[in-house]
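In what comes next, subunit A is part of two complexes: it sits with subunit B in the first one and with subunit C in the second one.
For the complex of A and B:
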């Protein structure tokens, strides 16, 4: 192969001998999900996935792939298959079926009004 | 670095039947979600054609990143000084990193990374046409880092407003990293443009050779059809190829002229009435010839990828865990 790249010239004739490559499933290893904690005091956040043969290499590759420029104080990697998840398609799971205002701050908006209404009663009896 | 999704005429003919077989109720829900500006996540119901076109788009984008690292990578050993060498290595590493992010995003749609790479190596999947041209001199790397990355940023910023969550998230990160490439490229170009007459001549020569591939970069004028409309409706395609080309010319022609360089198209000018750039037809026959495998570097690019996969195989085999089984990445 006549190339402008000296490295390619050096790789000849081995390079031109390889005419077909078929990668079998899992040739590039299984996947890990990566989480980055960007600042002390912040949550670790999911940033993506990568392929790695084992957890140690997953951490090394995660550092290269997800923390080579951005701020990071801590990295987590988790085998994708270890994660249990609910699908975004089932997000209605998280919509309350009944009125749950009793567990929300917004359920307590009228406290002050009640106090104003009965203010007279709170005056000291003289 | 990537040009726009090219909707090929044969795709349009072979496409469509499945769309009409989709459950109309689910399709309406899906389209309403997109209309509301919400993102689609990997396990959501999605039309067959949405999935197919997105896999094709993201996969082509990933291949473009990994092949795009090659013409620039050629110059790492011959960079003019140590700082430029470090910067070029950082840029090439970014491009390969972008490929990894994009392969992961495409994998969430159900196609394994191995299957994508097999399709790249067999020539079944395409990548951005511009990387089938050679980087003959150091000035070529400056033009690539400035103008090819500028085009890629326009395209990627546009695509980052798309509807598929994992792709959008990958693009946000990629665009952030590309901003370094653009600054580095511009700095390299300005260095040559303000240098000796010989440096200026080398830069002009590089621009002359890259101008046509740059005009091809966003793809041929779109075929108007019901199917491109569908891709627009589903926020897979967010701007026409011509819209992005015009944006590129608007942003970069004045900057190129400012450097005292000549653009090798005497007909290029902005129509004062329409505000649109008018240019010589960049020979779309050549575009199709190159995309179909007959450009100056197509064979070399794929040969190098095959060589890399084949030579790394023993490392991957030695490290592969026993009893591993494949799970689709989550996001």
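For the complex of A and C:
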């Protein structure tokens, strides 16, 4: 079939139509980080990044990249260059040197028992 | 009454069917990955809208959506020639401007259809508006950005505008028996929709130098007749390609 669709004629690419464009290294549109809020009032979760020429188009393109198949009530985009991060080499920043398990949820597991034991100790005095 | 209803629904559905198909011809060829995905998704939406319109007829005991889409004679289609135009040499300015002009018309048309006295149509129009909202946002944002970017972008958009302009105006050719549809409260007159379309697009196109006066009758008249079954010179090839797979196994359950 004599089609106007260039893909139908893939076997014989019309080389004359291909113009080579030399871009300086990394001369792309900026990237944006995309966050999806799945429920009203919920946390926005980071889902990925994309290229876009400006913030408005970043939102528009993010909708089809990242909110097409799942629940979404709101999208956020942030220029990647606005993100500050700690180096993975500094991962030890997050490792406690002593036992800090009291900060974790299980640190509160036996609070009621301890409280009742304490009350029992107070009783004979009253 | 059924004949008028069929004309109206087919005009709406056939426009979306071939707009979806022409947009889908860009799959894998879009300027960047992100835009390729977004535009392909818009194409899928349009095809889905066509299917939903055909289904209104199917629910009345008329043929199935597949039969309407794949097994009709050219003169039985009611689409405007704007959606039949090929993608020519794949200049994305043409694709985006056609998308803009078409989805502006869709926005106006769907808004009017939400008030239709024909309930299946008003219910469907309300359902389709959420996707149409995205199409319009996508189209408008690109056109406003490119209209204010480089001289090359502006020149390409101007060439696209001159190519598409009369076809876009011809979208609003009155339907056969339109006065009866209007007095039944199904749709407003095409002329009213066209005025609302102008009110929507003129303030966007004028500041970026892409507005121009309505096409002269000599330019417009040859494009009329589409709503009566007159097809453009591009239709034959379009439909041959469009039906190539389904015609290979007409009895298959796709």
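The rule we apply is simple: the second predicted complex is superposed on the first by the 68 of 126 C-alpha atoms of A that agree within 3 Å, B and C clash if a C-alpha of one lies under 4 Å from a C-alpha of the other, contacts with A are read in each partner's own complex, and residues count from 1 in each chain.
Just so it is clear, contacts are C-beta pairs under 8 Å (C-beta built on N, C-alpha and C of every residue); 3 or more make two chains touch, one makes a residue touch a chain.
Keep in mind that what you see is a predicted model, and the values were worked out from it rather than measured.
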Practice problem: Go through the superposed model and pick first if A:63 touches only subunit B, second if only subunit C, both, or neither. | Solution: second
Practice problem: May I ask you to decide whether A:46 touches subunit B, subunit C, both, or neither, giving the answer as first, second, both or neither? | Solution: first
Quiz item: Of the partners subunit B and subunit C, which touch A:54 in the superposed model: first, second, both, neither?
Solution: both
Quiz item: Does subunit C touch more residues of subunit A than subunit B does, or is it the other way round?
Solution: B
Exercise. For A:22, select first, second, both or neither according to whether it touches subunit B, subunit C, the two together, or no partner.
Key: first
Self-check item: subunit A positions touched by subunit B in one structure and by subunit C in the second
Solution: 1, 3-8, 29, 50-51, 53-54, 57, 64-65, 68
Quiz item: Where on subunit B does subunit A make contact in their complex?
Solution: 41-45, 74, 77-78, 93, 97, 100-101, 104-105, 107, 112-114, 117-118, 121-122, 134-136, 169-170, 173, 177, 299-300, 303-304, 306-307, 309-310, 313, 316, 319-321, 324-331
Exercise. Please give the residue numbers of subunit A that touch subunit B in the complex, ascending.
Key: 1, 3-8, 11, 14-16, 18-31, 33, 46-51, 53-54, 57, 64-65, 68-69, 80-81, 83, 85, 87-89
Quiz prompt | subunit A-touching residues of subunit C, taken from the complex the two chains share | solution = 25, 28-29, 32-35, 37-38, 41, 86-90, 134, 137-138, 141-142, 145, 237, 240-241, 244
Quiz prompt | In the complex, subunit A residues that touch subunit C | solution = 1-8, 17, 29, 50-54, 56-57, 60-61, 63-65, 68
